[in-house]
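One structure follows; several queries about it will come next.
Order of writing sets the labels: A, B, C and D. Residues in every chain begin at 1.
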Amino acid sequence: MTDNTTLLAAWQRRVSLPLTLASLLFLVAWALPILLPTLDARLQQVCVWVTWLTWALFAVDYLTQVVLAPNRRAFIRSHLLDLIVIALPVLRPLQILRVVTVLYRLDRSASATMRGNITLYGTVTLIIVLVCASLAVLHLESQHADAAIHTFEDALWWALTTVSTVGYGDLYPVTLGGRAVASVLFLLGVALIGIVTGTLASWITERVHPSGSTPPASQADVRALTEEVRELRAQLAQLTARPGTEGPPPHTADR
Amino acid sequence: MTDNTTLLAAWQRRVSLPLTLASLLFLVAWALPILLPTLDARLQQVCVWVTWLTWALFAVDYLTQVVLAPNRRAFIRSHLLDLIVIALPVLRPLQILRVVTVLYRLDRSASATMRGNITLYGTVTLIIVLVCASLAVLHLESQHADAAIHTFEDALWWALTTVSTVGYGDLYPVTLGGRAVASVLFLLGVALIGIVTGTLASWITERVHPSGSTPPASQADVRALTEEVRELRAQLAQLTARPGTEGPPPHTADR
Amino acid sequence: MTDNTTLLAAWQRRVSLPLTLASLLFLVAWALPILLPTLDARLQQVCVWVTWLTWALFAVDYLTQVVLAPNRRAFIRSHLLDLIVIALPVLRPLQILRVVTVLYRLDRSASATMRGNITLYGTVTLIIVLVCASLAVLHLESQHADAAIHTFEDALWWALTTVSTVGYGDLYPVTLGGRAVASVLFLLGVALIGIVTGTLASWITERVHPSGSTPPASQADVRALTEEVRELRAQLAQLTARPGTEGPPPHTADR
Amino acid sequence: MTDNTTLLAAWQRRVSLPLTLASLLFLVAWALPILLPTLDARLQQVCVWVTWLTWALFAVDYLTQVVLAPNRRAFIRSHLLDLIVIALPVLRPLQILRVVTVLYRLDRSASATMRGNITLYGTVTLIIVLVCASLAVLHLESQHADAAIHTFEDALWWALTTVSTVGYGDLYPVTLGGRAVASVLFLLGVALIGIVTGTLASWITERVHPSGSTPPASQADVRALTEEVRELRAQLAQLTARPGTEGPPPHTADR
């Protein structure tokens, strides 16, 4: 069991860097034909092959991890998102979020800078999702006659107006796929406002009540003290009992 | 009194499953003519009868509960929403929210997973309200000449842009009924942002100040300790008084 | 000084009901010509006179309060909003917010139902502001050629899309006055989201950490306990000292 | 080292007022040609020279501070924003935020009025950013044929609909520069909602749990009390030991 855990950890350490590079390669191969529709047909074909190749790499990695995992059922349950990204090729752009995970492993700071971490990972995730959503919407909408989004600049501008929930309505998706991508951005927008608000609220609360320097007494502190007093009473009871036997029966500390 | 409480509980247990099925049946009978306006006239008539039949079932259930309730006034006051849904047939689609209540009864987790519960019930309620609001707006708007919302896909897309407060303005209701449904979605949108933010804020605060492992001492802890010390003093006072009577008068613990 | 305070309080008690009625009368006289532009010219004139008469009543009330106040400078500073509403006749509709103050005086519940109070006053204030903003925008926009808001229903619908920050853009003000009213609604919308979120966050935090039943020990509790122990030690020191004089000098509780 | 710190502080004190005046002068010289496009060509030239002159003043100030700083690397790292504003002339309007810093130095209240401070600086920063963003967008858009924003009133109205995330879509930027300014306003809008919400949430939480009057017992309090009890036990042990030697060995307080 521990042997397998070690094997799994060793595998994850080994493939971490290659897979991150693969995900960046995927991003390039996926984005290039979208950004340059007039690209040479042979190059476009290469890009398609590269996206499938990197997808195969991730599938192999996932299967190897399942095989090496000591408890396969638990592994699959805790890595459900990975399975979905592998199983539904349409979600492949999400593989780029792997970069956030790597960033997290490189710099795992203490909880003292928790807010800093949330800000850093939140910002990086936001930029990745904005770029990927812009590319996806540009790809899906460019095939439609009534579409208003024709350039990457337009798509990124649309993604920004959407994620901030401003929604001018100068640009909006009209295809089912584009609307599906937009719905994910809506959710992200609401969550983004929630994260920004939560982080600021936590910061404001701390500044308003700066009682962090002396932590409040814990239950454990008071219980240790109560034990101390109980022993003291037992000692006193013994003293009372000694001179004669007519003293009151010592209160047994059976509470 | 307890007899009636038992009767009420037994009734609620018995009708829980049939009424949930009835609410799902209502949803189908209500949604079908909206989604398929070219439906056979006789089938449409059947759907109308089914919606009224399920409404009658809910009315009977409500009246039976009022009759069985030990304190009828208190029951009516605490089930005011049920009364309104029964009394105003236009609100009948809200009966589908009964599914959330059933979900709640099936899986009542401890308060440790409170945030998980809020996420689960919030998501299910959101999906139900989005689908029902889309159907209602489609139904209300399709009868108007200037309406822009003509398909369920459009209606759901409109509901999503509304509940996230993005509001592109490519689609919006123009009838009074459609605007009333939209206003409910506005409220839900603001509450949704509030719930997401509150849950994230609570999570962030917990991660920033991870003091949850040792709870702070409660007033009860300190009072128990104070009582312990008071008894100790009484015991000591007795000891002091015994050897002679010239000792200082024992401090009575009358504080 | 106390005499004046009593006089001021007596005045405020006396005029509370008449001024609330006056503010409701103002609302009717202000709203009528806006909602019914085809109103008889003489009736319109009556309405104008009523709005100025109620304004005069509020001005007299304010001046009387200033005269009766024990500390006039402090009174003016703490009632700055009242002064602005009196001084700028364009803000007179805000006088209707007096109803909220009366509601507050009638039912001042304990802080246990603080969240209930915030919900109640928030809802009442929101409805009043929405109705007044709709009337004001309808009044200001109806005089402009390019305006899109022509009926009260349109104005209320616009106010709802604005306060929820949805902002479809089907209706929007084009006059400077209408835009000023809209800007106040923007602020209210952001504050509304803040209040809803804050209330929900407070509720979620309480449910996630249900430690509200036993309040934590206060510093006062622990200090009372420490005093108790100190007296106990003094008593013990006396006991130790009595049998002979060779005992250790009693620790004076001078800490 | 301390000598340099004193020199740096003296320099900062001396130039604080002149630089604030310079930033206000910059604002006038920058805004004038934008607000009055028909301005005399010679006056426009003067304005351009004034903006560059004030920029030079800020650059000189920054360089002097770097030279005087005891630890130059640390100074540059903690004043990165200043460097960016100096290095990228397009960001020069941000120099006006210096006014907020001066306001902060003039009135540094205690943390008791933290919420008041956040409200004050938040409001001042919001107004400055709104005015500057309006001017910048008006400047950038007025050079484009398809632009809809032509007057300062329009630009300010657009900035207000944007920062509140309402986004009607009656006005929106179409140039790359205008969209960049808008993106900054989006971020500010989300942060604004976060700050308002956080402040209100902190206020609501305090009102719901009004335990601020008696601070909870700190760990230090309980430890002082434990020490007190320990000394008491040592005293009692001594007393027990004295009359004979058959007593139980005193519990050494080595815990």
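A few notes on this one:
As a convention for this text, contacts are C-beta pairs under 8 Å (C-beta built on N, C-alpha and C of every residue); 3 or more make two chains touch, one makes a residue touch a chain.
Only a predicted model underlies this, so the values are computations on that prediction, with no experimental measurement involved.
Looking at the partners of chain A and chain B together, the chains they share are C, D.
The two sequence copies chain A and chain D touch through a face in which the numbers common to both fall below half of the numbers used overall. Ranking A-C and C-D by contacting C-beta pairs places C-D first. For this pair, chain A with chain C, the centres built from the Cα atoms lie 40 Å apart.
For this pair, chain C with chain D, the centres built from the Cα atoms lie 28 Å apart. In chain C, the residues that touch at least two other chains are 165-169, 193, 197, 199, 201-202, 205, 215-218, 221-222, 225, 229, 232, 236, 239. Residues 165-169, 197, 201, 216-217, 222 of chain C are the ones that touch chain A when the two sit in their complex.
By the touch criterion stated above, chain B contacts chain A in their complex at residues 153, 157, 160-161, 164-170, 192-193, 196-197, 199-205, 207-211, 214-218, 221-222, 224-225, 228-229, 231-232, 235-236, 238-239, 242.
On chain D, the positions that touch chain A within their shared complex are 111, 114-115, 118, 162, 165-169, 172, 176, 179, 182-183, 186-187, 189-191, 193-195, 197-199, 201-202, 205-206, 212, 215-223, 225-226, 229-230, 232-233, 236-237, 239-240, 243, 247-248, 251, 255.
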